[in-house]
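Presented sequentially are two complexes of subunit A, the first with subunit B as partner and the second with subunit C.
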Partner chain A sequence: MVAGTAARLLARRGHRVLCLDSDLMPGLARSLGLGGGADVASPLGDAAERGEDGRWRLKKGVGPVRAVRRYAAVAPDGVQLLQSGKLPPEGTAAIMSSLQAYYKVVHRLPRARTFADWAMVGDLPAGPRQAASNWAPFAETFLILVEPTWQSALTARRVARVVRSREGSGTVSLVANKVAEPTDVGRVEELVGEAVVGAIPADERVREAERAGAALLDHDPSSPAARAIERLVDELASGVPPRAIASAK
Partner chain B sequence: MLGELETEGRFVICDLEAGIGAVVRSDQADLVLAVAEPTVKSIEVARRAAEIAGEHAPVVVIANRVRGEEDVDVIRAVLGEQELVVVPEEPDIAAADREGAAPIDFAPDSVGVRALVSLAERLGERAPRAAA
Partner chain C sequence: MKIAVAGKGGVGKTTVSGTVARSLARAGHDVLALDADANPMLGVSLGVGPEETDRLAAVRQAIDEGEMEHQRTIDELIDGCGTDAPDGVRLVVVSRIDRADPPCP
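The block that comes next holds the complex of A and B.
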């Protein structure tokens, strides 16, 4: 919900926005307002091939610009959504070409001049796995969403440690999420051992949007959570445009 | 490993990570509990998990964090073919989570914990070798 809302808010502020979805589970398309029909099992399936050495490579002529032009879906507010794929019953082997193509495309994004002035918002699945495997090399800022529970705090600490251990990785910032009580922000900071840069309240309107499978901005753009995400986006976008953000929780 | 753990009278309970990646790789369970919250995303993930797991084992759907009959109906509409166990949204369970405590220790008499205890007793009667 946070990544999709942030992407659309950035677009409304005049940025060209590329949203990057490497979560094998559905979710981001809906939070962008595209509905579940936008989830494709293997969107980049014909963009990669195996070379003679058996290794995956992008097909000739396919780079970040062409991949976005050919395979990205256009969400409300003009946000471009590029997905790695959604896990089918047959497992990841069935969508391996799409996953490989996506991984190679995002690794070429930082050098693609076409996207130099674009805002990029990545949505990583919960947990440290994708952060450890460098699925968001475009990210200059990692926002780690932390709920005021022990489990969430422990996961956040691991994700932060993984990202910070990588040379050249971007800034890591923590955001308290689903804050319900006045003491929750302090509790999150105590549990993770560092200050947070923002807080998103527990919000019944978010629950309603998630129940309906709708984007928060379409369901209630003035909800407390939407306003909190707006403040966060404005803070990140002040000064230099945010060229890359990724969230992991 | 699950196969090696199999012993008469022993229950093996695996807590898989969210999503269906682990379900795809796990075909050793005698019973699969698919947890679904009343959101479109959660129900869709549970539907996929139930579809995959159902090829190898019976599936019981846990309708989790439901606030009323309407929530149950939303889940039942998609997963109604499976046996459904309802666990209501329970402030005490949320409080236990915040405190890092086991719900059964923190609030053993709460509605949510009683629902889980009832589920465990039913699972015991089914006597599976492994539940995931």
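The block that comes next holds the complex of A and C.
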């Protein structure tokens, strides 16, 4: 929800925005306002092939620019959404070509001059696995969302540790999420052991949007959570080009 | 009985797993709780405590770092790598991701 809302807010502020979804579970397309129809199992399926050595490679002529032009969906406010794929009943083997293509494309994004002034917003699945496997090499900032619970704090510690263990990786910023009590921000900082850069309140309007499968900005752009994300985006956008990655829970 | 709990992140899998495990133990069953999540949290739900959950030696890392020998049998693995949780539940953590993977050569 934060990634999709932040992406659209950046677009409304005049940035060209590329949203990068490496979560095998649905969610980001709906948060952007595209609905469930955009959740394609294998969007980059014909972009990669196996070489004679058995290794996956991008097909000739497919690079980051062509991949976005050909395979990205266009979300409201002009946000481009490139997805790695969604888990089909047959399992990940059935979408391996799409996953391989996505991984190779995102690793070439930082060197693609076309996207040098674009904002990129990545959405990683919960937990440290994809951060460890470097699924967001484009990220200059890792936003780690933390709820005021021990489980969430331990996860945040682990994700932060993993990100910081990679030489040359982005910086880590923590954001308190689902803040309900006046003491929750302090509790998050105490549990994780470091300061947060922002706080998003627990907001019934978010739950309503998620139940309806709608974008928060379409459901209620003036909700407290939307306003808090707006403030966060404005802080991020003060460094141009803003490149963020949201990793929740 | 053998139960695997699955579902989307944040829906409460770990809370349900921990509560079911302890309820079964209270009902008199011998219970083995296996945390197969790469971000293991089952210890918290079982009542081991958050700091202990974070400290629990994951099997793979312990072997990688030479702190443990490979166990020859499943029983040895559960004895050697597990932890006692409340109500007599035995908890084994399968793995834990602690650092970035090395880049491909």
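Keep in mind that, in the parts below, the second predicted complex is superposed on the first by the 241 of 249 C-alpha atoms of A that agree within 3 Å, B and C clash if a C-alpha of one lies under 4 Å from a C-alpha of the other, contacts with A are read in each partner's own complex, and residues count from 1 in each chain.
The definition used in the following text is that a residue touches a chain if its C-beta (ideal position, glycine included) is under 8 Å from a C-beta of that chain, and two chains touch if they have at least 3 such contacts.
Predicted, not measured: the structure shown is a model, and the values here were computed from it.
Undergrad: What is the contact status of A:92 with respect to subunit B (first) and subunit C (second): first, second, both, or neither?
TA: first
Undergrad: Regarding the shared-chain residue A:187, is it in contact with subunit B (first), subunit C (second), both, or neither?
TA: In the superposition, A:187 touches subunit B alone.
Undergrad: In the overlay, answer first, second, both or neither for which of subunit B and subunit C A:158 touches.
TA: second
Undergrad: Considering only touches as defined above, state whether A:16 meets subunit B (first), subunit C (second), both or neither.
TA: Once the two structures are laid over each other on A, A:16 reaches no partner at all.
Undergrad: Examine A:205 and indicate which partner it touches, taking first as subunit B and second as subunit C; both and neither are also allowed.
TA: After superposing on A, A:205 lies clear of both subunit B and subunit C.
Undergrad: Between subunit B (first) and subunit C (second), which, if any, makes contact with A:227: first, second, both or neither?
TA: Touch status of A:227: no partner.
Undergrad: So, does A:57 touch the first partner subunit B, the second partner subunit C, both, or neither?
TA: Neither partner.
Undergrad: Just checking: does A:133 make contact with subunit B only, subunit C only, both, or neither of them? Give me first, second, both or neither.
TA: After superposing on A, A:133 lies in contact with subunit C but is clear of subunit B.
Undergrad: Between subunit B (first) and subunit C (second), which does A:108 come into contact with in this model arrangement: first, second, both, or neither?
TA: In the superposition, A:108 contacts neither subunit B nor subunit C.
Undergrad: Taking the two structures together, which residues of subunit A meet both subunit B and subunit C?
TA: Correct list for subunit A: 25, 125-127, 150-151.
Undergrad: Residues of subunit C touching subunit A in their complex?
TA: Contact set of subunit C toward subunit A: 8-10, 14, 37-39, 41, 44, 50, 53-54, 96-101, 103.
Undergrad: Give every residue of subunit A touching subunit C within the complex, in rising order.
TA: It is residues 25, 125-129, 131-134, 150-151, 153-155, 157-158, 161-163, 165-166, 169, 248-249 of subunit A that touch subunit C.
Undergrad: Please output the residues of subunit A touching subunit B within their complex, sorted ascending.
TA: 24-27, 30, 36, 87, 89-92, 125-127, 148-151, 187, 207, 210-213
Undergrad: If you look only at subunit B, which of its residues touch subunit A in the complex?
TA: 17-21, 24-25, 38-41, 44-45, 48, 51-52, 74, 97-100
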